[in-house]
Structure formats: structure tokens, C-alpha cells
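Chains: A, B, C and D, in written order; residue numbering restarts at 1 for each.
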Amino acid sequence: MKIKVLILNCTLKYAPEVSNTEALAKKAVKLYEELGATCEILRVNDYNVRLGIYSDEGKGDEWPKILKKIKACDILIIAAPIWFGVRSSVAQLVIERLDGTYEEGDKKTGQFPLYGKVAGVIVTGNEDGAHDVASNTLFNLTHLGCTVPPNVDTYWVGDAGPGPSYIEAGGDTHPYTNKTTRYMVHNTLFMAKLLKKNPIPTNLKKLTEEAFAYSKQKEDTKKDYAG
Amino acid sequence: MKIKVLILNCTLKYAPEVSNTEALAKKAVKLYEELGATCEILRVNDYNVRLGIYSDEGKGDEWPKILKKIKACDILIIAAPIWFGVRSSVAQLVIERLDGTYEEGDKKTGQFPLYGKVAGVIVTGNEDGAHDVASNTLFNLTHLGCTVPPNVDTYWVGDAGPGPSYIEAGGDTHPYTNKTTRYMVHNTLFMAKLLKKNPIPTNLKKLTEEAFAYSKQKEDTKKDYAG
Amino acid sequence: MKIKVLILNCTLKYAPEVSNTEALAKKAVKLYEELGATCEILRVNDYNVRLGIYSDEGKGDEWPKILKKIKACDILIIAAPIWFGVRSSVAQLVIERLDGTYEEGDKKTGQFPLYGKVAGVIVTGNEDGAHDVASNTLFNLTHLGCTVPPNVDTYWVGDAGPGPSYIEAGGDTHPYTNKTTRYMVHNTLFMAKLLKKNPIPTNLKKLTEEAFAYSKQKEDTKKDYAG
Amino acid sequence: MKIKVLILNCTLKYAPEVSNTEALAKKAVKLYEELGATCEILRVNDYNVRLGIYSDEGKGDEWPKILKKIKACDILIIAAPIWFGVRSSVAQLVIERLDGTYEEGDKKTGQFPLYGKVAGVIVTGNEDGAHDVASNTLFNLTHLGCTVPPNVDTYWVGDAGPGPSYIEAGGDTHPYTNKTTRYMVHNTLFMAKLLKKNPIPTNLKKLTEEAFAYSKQKEDTKKDYAG
């Protein structure tokens, strides 16, 4: 079974400037490929992605090109630098644009396009903020339909205060980061294969109808008692 | 296949005071039971849980009793109120105490005791903070070994500012909350069954050794070049 | 004493689309003006602000125009919508671009250009996330030099789940939001006047030198003992 | 003018176990004392603080003793370790207990007991999370009435992953931490003196009445139009 991995590099730097986040992403790619997966790293700001919350914001918006790749992947990794303790504006933009996919639920099950996909995150920063970036990003991706296996965040940060970034600081030899990169690669691959063979059967549409009917009935009952 | 669900109610209120968080938790329980799962709601502050980060902090510490139940469940749900925009001190205490499980990895695979379990969260508050509670809590649980399927957070909050809580505000009829409770129940159940049949095979111990060997070798090479 | 207030509207919507965040911002403006302050609301995406962390990113970057206004104001208010539980990508972009001001410290005191300014935040969203937006944004602004008086965040959010936004939901009549808007306006005005009359005297440059000398001396002492 | 500084050490460790957070707090104390301020470090878990949100939770609750000291100080510093990327359960407990002070507003102005006080934070952890701890804690304190001057968070964290803590890692010689400790001490002292001489005049009670009257009138007008 061929697994496709898409890594969205949410660096603030325009190509060809060297991205620290990409340096760590490349290490994940190497491991994924050794295990037979196909990988693509896409630098989001190589594209003209307009602000917005729809899947196509018109006027030269190139998000649809990225979204097409997202829909085609099995494992979606957001790779983001930390700025001021939180994820980069580009990572936030990516999440905002994915809002549009809520509107594209499957006609029968209501499942959003990201259902069945597996998520992971790669974070780099010269200092503090990795937990915030990872927790918000993985959580947002579960809202959108992704599954998050254990230990699928890998990050590198330096100690307190400004300092050198991943490449310059020799993050390449940081044992913890190298360990968690391996955990992420193995656990996302396992889960992606498992979910391809065993798709999530939940019918969101039906459950929504049930919930709304239940809420309405309860509300009506309350009114009866009040009246 | 019998699935065991454990819901840890992290309210600040001591029994028998009524807990809003428990009211929402009970709705999840009803749904879980209809689908054949066994459920227990445990109010954490019914127990004497000492501060700390080990699995047994001695001196009357009752955390070991809770931990035993955690280890025996398939689905672990943290049910927490929001206080000042974030999770309650009791929820934080629970997460801190789970730190001890990192030390109890399987001898062969290194997998922590929560590996293979599925996580979810239930959040209530009179206002704002549910996303922060859910994202941090689910993320922490993935670090500890849990898997997070899509849409496994259910919450109720009122609009901006102080106001009535879940029960008084009639949260019972809130369509969104009733919908997400159903999503959570169905998706955690599916994943729990799937993982029982298909345990995560990742050997954390071996990957750690690989990563450390790689890091050391790279470090040594650097020194050679420098020397 | 004339106080200048600058409100940066970080909506994702391009003009002339109606912004809910601006609707709440306008209420603050009315109150500020009644109290004699001068106000400007600036919609950030009316400008071509490039990604980056320098005060001028070249190539048509219009951030310098905004930065000039920031430097000229006494009270800086970030007005931001919530998306996926956190601040909008535009708000994050604004904070990222302010990173450049760290490099523009006063020659004598080392104080950054935002020293002496007072910060506040305005947040709207159809649901949950206001505390996260406010806490991160105000904290980042204190790092950059701003002072945060008590109760200078005003926000409106609806209850759990998607729903109508500020304008449609009639947020204009929400007592809590109207109260906190007044608190913000009065407390920022008081503090702005106080700081204009009593500038912060701290010499960051001198303290940095002291700290570094202390650190070096301690480090050297350690080496002596080790050697 | 004598300034009183109270530092609440929110370590999970019971005395006499050595606290890393206290080691950093002591450095702040030394600087405060050199500048003429009076300092006390209080280890919160030396006291029996019950869960709750009132200023006195009865039954042996020792929070009132701590609250008395808080009310008597000019500068309130929360010193907290990071656990799982966020503030310790003890720090969260402190903030929760301060909820009770909202009920103790001044009869004339409605100002809460923490109005006029100045806040700061000290954070230590073996890794990542300092920004989250600092931003949430300082923000919560502004809600409660404190003023936050620029650069009043000082922290030490190691690089990515587990590792030695402040003392063992030699955090004492970390230039960034030593710098930010000085910034915090000087800026909180300046602001505390300034606010003692120039108390915040805002009448929260009056502004609340104004806001509620405005909201009611607007609401009534809407109904008239609708009717």
C-alpha cells in the first residue's frame, strides 16, 4: 500500500531563502521514503494564497492547487516555525483556509474531505513555543477530520531567549528531536495504512440529524412544561 | 468486543455538590452504553491525589487507585471545567500525575501504558476557553500514548462574560454540543475497537536507540571535521 | 494632553466587506473620542504587508506606513477575529512584523520603539477563543515595550459552536462587552496620560550589560573551580 | 516609598525539597532588595489551600492567610514551573482562588482588591512552555486588577525535550534570563511606585451601570422597531 505524505512548510521566508523548518522536514522525508512512502514538501508561500475561509477565494488565489494536494495525501504534516511563542502567520493562514472544507462534506456520510487522513506536526524555533504550536495545530486538524496517533509532533527549539536556529545550532544532532521524528514517521505510517484498510464509518450527517431532533424535542418539552 | 470508557471528572467541586461537567459527561455515558460500552465517571477530587509527577507519591496518595483504572480502560476522557480561560487545576493535576507513566514503558517496545488507548475531552464553562482546554489536553494525551480520532471534543460554553453554567443555561438542548457528543462517542468507539484488533507495533525503544546512535555519529563526525 | 489611539483591524476580510471586529472597534472609538482622544482604525489588509520579521521587507512592502502610525500613537489596540480558537493570521502577521522594532532600540536606553505605549485588545468571533487571542496578543505587546493596564481586553463571542457573528447576533447590546469596552477605554487613557508625564526610566542597555557581565563572571568562576 | 513584593512559588514540590523555580525567584529577590524593596517568597503548598473559587472555602482552608499577604503587597509575582507545556496545577489553583476577589470590589469604585498592584511572572521548566505560562498568567492578573509593565516575565527553559532543570543546568549563568530578571525588577518597581502616587481613578461601578443602561436602551429600541 503506497502512502502519500504531504508536508506544508509554513516558513515566513520566501524561496530560495534557507528554511530551518524545511531542514527538519527533510529529515522526516528521508525516513518516510526509506519506509516506502511518497513525500512532497510544499513551501506555502511559493503560492499566492489569499486571506479567507473559502476553498477558492477567486482573483488569482492559488490555494485550490494546494488543497488538491491535501485532498490527495494520506498523511498531512504542518511544518511551522514559532514566532512570538505561537505558530507562524502562514500556518494560521493554512488552517483558516481549510475552514472551507467543512462545506465539502460527503453527501452520504457528511464526512469532511480530511476524514481518514492522519496528521503530524514539525516545529522549529530558536526558542519556546513548540507545545503551543503543536497542540493547537493538531487539535485544529482533528476538527477538520484528521486522526492524531501518539507522538506525532517533532520539534527543535533552543533554550530560553533568542539564539541560533535549527541549522546553525546543529539541531541535526539533537537526540530528542531525532527520536521524536522517528516516532512521528512510524506512528503516522501505521495509522495511515490502518485507516485506509478500515475507513472511519461514522455518519456525521445522521448523527447531526439525531442530535438536532433530540435538542428540538427537549426544547419543546421544556416549553410545554413552562406553558 | 467490550470497550471500557473511563471519564475523569476534573471539577473543582467536592461531592455531593452538583457538577455541570458531570451533567454533560452523563450524556456521553448514556450514548456509550447504548452502543454497548461500559462506562465509569470518576470525580477526581473524591480521592486524595497528592501533587507530584510520580505514579505513587506515598503518604496516603490515592492516585494509584485512579491510575489502575486508567490503565484498565480503552477510552480515556478528561472532563474539565474552564477556569480563567484554561483547564481546571484538577485537570492539570491529572496530567502532571500521568508524567509518571513515562517511566513505566513496556520492556520490549518501550511503549508507555497509555499506548493503544483512545482519548477524548468534555469541557464546560460559563464562557470562553474550550478550545484551549481541549487542544492542550488532547495533545498531552497523545504524548502519553493515546490516539485522538477526529471530532472527539465536546463542549458547552455560554457567550462572552460570566453567566449561567451548562445545567442552568439549558445546555442539555444545545444542538452543537449534542452533535459533538455523538461524534465523540462514535469516533472514539470505532478507534478503540480498531486499535484493540490492530495494536500499534512501533518499537519506541529501538527507534530511540537508532536516533541516539545517529545523533552521536553525526556529532562525532562534526568533531572530526573540526579537529 | 492629546492622546492618539491606533486600532489595527486584523480581519481576514478585504474592504469593503463588512467586518464584525470593526463594528466593535467603532464603539471603542466613539468612547475614546468622547473623552477627547484622537482615533484611527486601520484595516491591515488594505495594505500590502509582506511576510517577514524586519521593519522593511522591500519590494512593495507597505508595513513601513503602518509602523510609522504605530510609532506615533500612544495607545495601540489590536482588534482581531478568532479563527480556529486563536488570533487571525493577519494579527499574527502584525506581531511578527513588530519583531523588527527590537532592532530599533534607543541609543542611550535601549528601549524599543513601543516603550511607553499602552496596549489593549478587541476580539470578536462567533465562538470560543477570546482568552487565547487576548492573552497572547497582550503578552507579545509587553515584550515589545507596551504597558497593559487592568481590564483592557474587550470581546464578544457567541456560545458553543458556529453561529452568527457580532453584528448579526446583536452583540451591540451585550452588557458584558459594553462594560469591558468602557473599562478598556478608561484604563488605557489613564495609563497613556500617566506614562506620557512619567516616562519609564529603565535603561535596558545598562541592565543588559550588567546581566551579561554577571553571567560571564559566574561562568568564569565555575570554570576556575572545575579547572 | 517602601514597596512590598510577594512572590508565590507554585512548585509541585513540598518543602524542604529544592525548588528550581525558587532558585530563580531568589535572584529576583536579591535585586529587589538591593533597590530597597521588601520581599517575601511564599511556597503555596506549604499551606493547605482547598480547591474552590471563593476567598474562604472553610474547613481548614488556609488560602485566607495567603490572600491577606496578596492584598498587602504592591508587586505580585507568580513563580511557576512548566508541566506539559503549561503552568503547574498549583499556579492554576492560585488563579482560581483569586476568582473570589471579584466579589470584594470597593464599595464606591467597584475596583477589585488587586487594582493598583503590579504583576510579574517567573517561569522555569526543563523545556518549552514559558510563553504559554507567562501570557495566561499575566493576562489573568490583568483581569483581576493588576497592571503589567513591559518585560516583566523572566524565565529559564532548556532546549527541546527533557533535560536538567534550572539549577543543575547552570541556569544561574544564562545571560538572557539574568537580563530579563533585571528588566522585570526595574519595570515592576517603577510602575508600583507610579501607581501608588497616582492611583487608577476608574469607577468600574459607574461604567458598569452606564454600559448596562446603554445595552438595555438599545435592546428596548430594537424591540420597539420589531413590535
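By our rule, a residue touches a chain if its C-beta (ideal position, glycine included) is under 8 Å from a C-beta of that chain, and two chains touch if they have at least 3 such contacts.
Quick caveat: nothing in here was measured; it's all calculated off a predicted structure.
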Relative orientation of copies chain C and chain D, as a Cα rotation angle in degrees, nearest 5: 180
Centroid-based (C-alpha) most distant chain relative to chain B: C
Centre-to-centre distance between chain D and chain C (centres being mean Cα positions), rounded to whole Å: 21
Mean-CA-position distance for chain C and chain A (Å): 28
Chain centre separation in whole Å, for chain C relative to chain B (CA means): 34
Multi-partner residues of chain C (each touching 2 or more other chains): 84-86, 131, 135-136, 139-140, 143, 174-175, 179
Residue ranges of chain C touching chain D (in the complex, touch as defined): 114-115, 131, 134-136, 138-140, 142-153, 170, 172-175, 178-179, 181-183, 186-187, 190-191, 194, 198, 200-202, 204, 207-208, 210-212, 214-216, 218-219, 222
Residues on chain B engaged by chain D in the complex (per definition of touch): 12-14, 45, 51-53, 83-90, 92-93, 95-96, 99, 136, 139-140, 143
Chain D residues touching chain A - in the complex, by the definition given at the top: 84-86, 127-132, 135, 155-162, 174-177, 179-180
